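Next come the structures, one after another.
The two complexes that follow have subunit A in common; it is paired with subunit B in the first and with subunit C in the second.
Here is the complex of A and B:
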């Protein structure tokens, strides 16, 4: 039976479900003509939810340990909330369009349910809850990817996502079942206590990594990313590449540290290989992309490779560097996606060549995009630099020459990534264009979203208190 | 214990002046900029005099000699627990003396420049640079540690570069400023390496630790050696190399004569009284280390000084540009100061060389600044630098004439003018340590008297010239500094340096050594007399003499072809044999390597596109086979 204490422990999940239910009820009672009210209603409700999320929470475990919440996990959920709030602001103009008439509440309910799934994933105390959360987070996204029902490639994105994720879920479950078979439990604490180095356990572990690698889009489990990102509506793409990936990174880190901590030496090597592959191949693909969505998709694959470096740090500073980087990554990438989405909503264009001469007509958006790209590339003084810096420091602190080589590879990859980020900057500022995208006014919610990103990109980099707070919460892992 | 914390304002006021004049100078009238700069300088001059009064007389000499006082110190950079860089104010006899010298000369130059630079384009810029230079020079002398000194040392180099190249439309000025900067910067490279060696072994930059006397911190360095010479000797020689660059000692002397392309007040400030004595100051600052840790290096210092003084004096006899004559004379006099340090011992009367060097620095600053400002006044009047186009000017410019005469007597070493006293002490020190250096110095004293008299007689007496414009006396704003410095050149010799500035801080007694003073005065008078015969009236004798000297005269006139040798080494040898191959290597190998990496990345990214086919079954295949390969690898790795 749930009592009030348990209610407070699950506050994030329950409030979010409440928001979704209110939207659902709103769908029933609000007349077709004024369905647009739902957009603002959802945004306001979600803002309230985000703010309430920062209030102190009740730590504890529920359902016999299947669910647990603490300061660290609450922090992760809050970070996701900030990102989702920005995405809601950015998608406001798109969902308002005539073509999406009648699907408004559908979009919000699907989006919010995936977020609930992520919450449960992050708060999971055993593999079962982790899997349930993962599925809850994935299946509605497939529906969202196919949201533009009149477009073929949107449908293609949906079907590809659902097929690939079915495969990955299968592998993941297979892995979990082997772990269960060899340790006799699915609870994190008990698995950790009984985990040896048997080959079957390693097999299960690697299948688990493959399943998670699918969500984080690590090479070679990444191939779905480009097609889905390109086909899905742009705001769904940004949700996939930022929030969905962020949640997966968080739970992946938690499980690696808490459950498989004793084979850290082994998974450090595994992550080493995956990181090198992911960074390099992600970059090599990104170089050739001209479609902005695909371009950002591959750039986000490469970024995932950098994140693995922080996880390898295997200590509180490592966790901090991952969480800190994710926060910056969310703000930065949403900045970039926000510009792409604003341009798409205004002109329907999403090719890099269409961006030629953008600075002449839309200087503010161009500067904002440049800022976001610089942050993604890790150029000081924007926050992205500090994020990457801490990731690299984290792995370099392992004090082994092979990790120095890894840092070197990462730095080389960061240099390559600078090349393609600058390609966009070059297009906007230098390349001439007779018919640049004409000046347009971005809608107010999207503006607010972009402003949050800009301030965040500077604030998170400069205000040491943010890093220290994350460091403090990371010790609760 | 007096609180000297206010001394931090001495360097700060000029830097504020620099910022104000530099940022807002163009918005204000030229005269206002000049007056502002001068007022700033006046303030710090008063502060410096006040500090000197407090330090030397109010507090007086404590038991055991004058002590170094760290008046202000903030930590700037911390490398290790012990190796930290501070920025601060160090007050000891020599730094307090330098404060007085720098502010006095700088103030006079500021006042003089208001008249001299009147109507020039960039008047405000000129005063901004003057303030920057004064700031740098003050920061250098009050440095509490060798690293702070190095930073200001470089700032001095930069501001000197800016001032020499003030007439940046003139190609010769631009070339001269570049030459000065490159030569001194090259020497500073040695300085930096020397600093690094010293700090590596001792773990400190601070002067009070380095010169504390017991030398314990040098124990670790004692064992290290390179090419048979101990590491500390190397370090000190490299540090001295930096000093030689700034002080234009042989073989780094080539920049100073060319630096005369700058405005004449700049020559007076930088190339007579302040910047060029930085090297002397550096050796004096490190004197304890030189003397106790590396006597060999100190000997080198002595010989370099002696050779420079002789070499420059010989060249000075043949030059015709009055500013260049003064420049070579400066070289020669700095050689004196350096050789005095080189022959000095530590403590009491044996340390007379140290005292004499500082004494000569002080007196020389006064009379050489006066000579330069006088020369500026002359150039201002006749619009020409060439000795052969001047003559009989005493009638037109009485104040310049009288003040110049005082400076002339001072530099020739005629009692009771300032130069006599300090030069006499130097000769005494040289006599006791090294007879070779002593005889060379006496000879240089004669040469000095000769070439200065040649200059003096040619300008103010000699043949009657026909000037396009009737020369006239300079305005008061220019003659006042002349008169002030003339007064200083008379009284400076009576400052009791042996009570104030000695190698160990304790005062000692000096007496006029007649057996040295009388011959040195006699040889000076002889030099003056020869010059009087040759140049007092127009005559053909000098030309005949120079012709009879033949090749030696030509070589001297061309400064022994040192500029040509340097040019040959840099242009022909360095550029062709080193720079060109390196440039080729950079362009083809390094760039080629980088370009081929970029090319390879482009190609491989093109090839890899096939991986992304768009077919889900292929994606699934890659996914599963990836997982299986990882399993195989890690199961294998595990066993």
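Here is the complex of A and C:
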């Protein structure tokens, strides 16, 4: 029987649903003329929700073990909260535009409901809850990707996303059904206890990896990524590439460690191949891109390959390095996307050639973009370096020559990635342009968002306490 | 490791699906005429191509109807256990109604209930 105490355990979810319901009530009762109030209302409510999320939580399991919350999962949710807060700030200028009048609150409600899905996904204690959360996190995103109703490629992005995620969900469910059929349970703990390394169970596991691979956009399953990222509105793209990928990485790590821990040697081989493919192909395709959104899409595919290295570490340091890298990746990538979205909102340009000579007209934005790209590439003073460093350390600590080779491949790929990140920097600082993007003033919310990113990129790298805290929470996995 | 089950699993899948198709090919009587190639074998004859404008109002009505249809389905099991669970169940169904009614109000505000 549920009582009030139980509701405190799922405080994150309930508060977020409350925020979404308040926005919906606002949409119903606020007159059309003053709809803009909803934007600030949502941002303030979400800020409150983010702050409350850091208060100590009550650990526990609910619904017979289908839902569980502990310090580790609460930390993951808080990390996602920070990212979503920055995205809300960045999208404020875009959603204010005339073309989006009449669907302001829809954007926020859809965004918040996907986040609820991700919360349930992270907190799931069995495969059924994981699947439900995954669906709740995916279906509204397809509507968001098709949000620019006047653009054809936005609709294309939506339909591509819904079709490919339907396929991947099917594969995932097929895998789960095999695991259920052979172990007789969908609960994580019972599946782990009854896992007998039978071939049908291994097959189910491989289907599970394939299904999750779609969401994280690992290489054989990445084909939807670039088209969807290009077609979707830019703030939705940043949401897809950062928050949705982050949540999928988190639950993927949790399930690999908690449920399939016994066959760690087996999935290490699987992830080895996937990591090499993802890093290399993501990088090689990124070199040729000229559209900034496509470019960041392939860059995010390559980053997913690096994340797999940390998962392979198979120990507490491995989990820590993944969570730590995701936190840095969220801040860094949102910095890059923030600049791209600010430029798009002001001038409607998103081609790399349009960035030529940006430093002369908009020096602050160019410096910020440079900082974000350096962090993505992993150049020492910024946090991206530390993130990659811990990922590589975690896989090298397995102490086997084949993992040293993997680290070598990863380092080579990091060098290749430096080339295409620097291409953007070269365009902004060196390449001449007769009519560069004129000077413009970024709106205040987006400024605050970018400021958080800059502080985060330095702070997370230098303050060891953050790493220590994540290390401490990771032991609760 | 018992990979024979896996082989059996695949074989059964292929046999069941492929067998059904092949079997129906032999058994089913085949008749070919122009009505066969119509999109709808029975119904109004299709005259023009599909790229015409039509009223999406039907879909909106169908979706709103569906929400309240599903609501009813949820109320039946609730009604069965309501007496045992007491006040908790009552409050929970009120929350459920509240959110659904908000959905209806939203659809109303957006003009989905107006027939155009």
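In the analysis below, the second predicted complex is superposed on the first by the 476 of 477 C-alpha atoms of A that agree within 3 Å, B and C clash if a C-alpha of one lies under 4 Å from a C-alpha of the other, contacts with A are read in each partner's own complex, and residues count from 1 in each chain.
Throughout what follows, a residue touches a chain if its C-beta (ideal position, glycine included) is under 8 Å from a C-beta of that chain, and two chains touch if they have at least 3 such contacts.
Model, not experiment: these values are computed from the prediction.
Participant: Which holds for A:399: it touches subunit B only (first), subunit C only (second), both, or neither?
Facilitator: In the superposed model, A:399 contacts neither subunit B nor subunit C.
Participant: Return first, second, both or neither, reflecting whether A:435 touches subunit B, subunit C, both chains, or no partner chain.
Facilitator: After superposition on chain A, A:435 lies in contact with neither partner.
Participant: Look at A:287 in the shared chain and tell me whether it touches subunit B only, subunit C only, both, or neither; answer first, second, both or neither.
Facilitator: First partner only.
Participant: Mind working out whether A:152 is in touch with subunit B, subunit C, both or neither, as first, second, both or neither?
Facilitator: Neither partner.
Participant: Looking at the overlay, what does A:31 touch: subunit B (first), subunit C (second), both, or neither?
Facilitator: The answer is neither, since A:31 touches no partner chain.
Participant: Once the two complexes are aligned on chain A, which partner has more residues of subunit A within touching range, subunit B or subunit C?
Facilitator: B
Participant: Could you say whether A:171 touches subunit B, subunit C, both of them, or neither, answering first, second, both or neither?
Facilitator: In the superposition, A:171 contacts subunit B only.
Participant: Can A:203 be said to touch subunit B (first), subunit C (second), both, or neither?
Facilitator: The answer is both, since A:203 touches subunit B and subunit C.
Participant: Check subunit A for residues that touch subunit B in one structure and subunit C in the other, and list them.
Facilitator: 197, 199, 203
Participant: Given the complex with subunit A, which residues does subunit C contribute to the contact?
Facilitator: 1-3, 5-6, 9, 85, 88, 99, 102, 105-106, 109
Participant: How about subunit A: which of its residues touch subunit B in the complex?
Facilitator: Where subunit A meets subunit B, its residues are 159-160, 163-164, 167-168, 171, 197, 199, 202-203, 206-207, 209-210, 214, 219-221, 223-224, 226-227, 266, 269-270, 273, 281, 284-285, 287-288, 416.
Participant: If you look only at subunit B, which of its residues touch subunit A in the complex?
Facilitator: Listed in rising order, the residues are 601-602, 604-606, 608-609, 611-612, 614, 616, 618-620, 622-627, 630-631, 633-635, 637-639.
Participant: Any idea which subunit A residues touch subunit C in the complex?
Facilitator: Residues in contact with subunit C: 1-3, 21, 24-25, 27-28, 197-200, 203.
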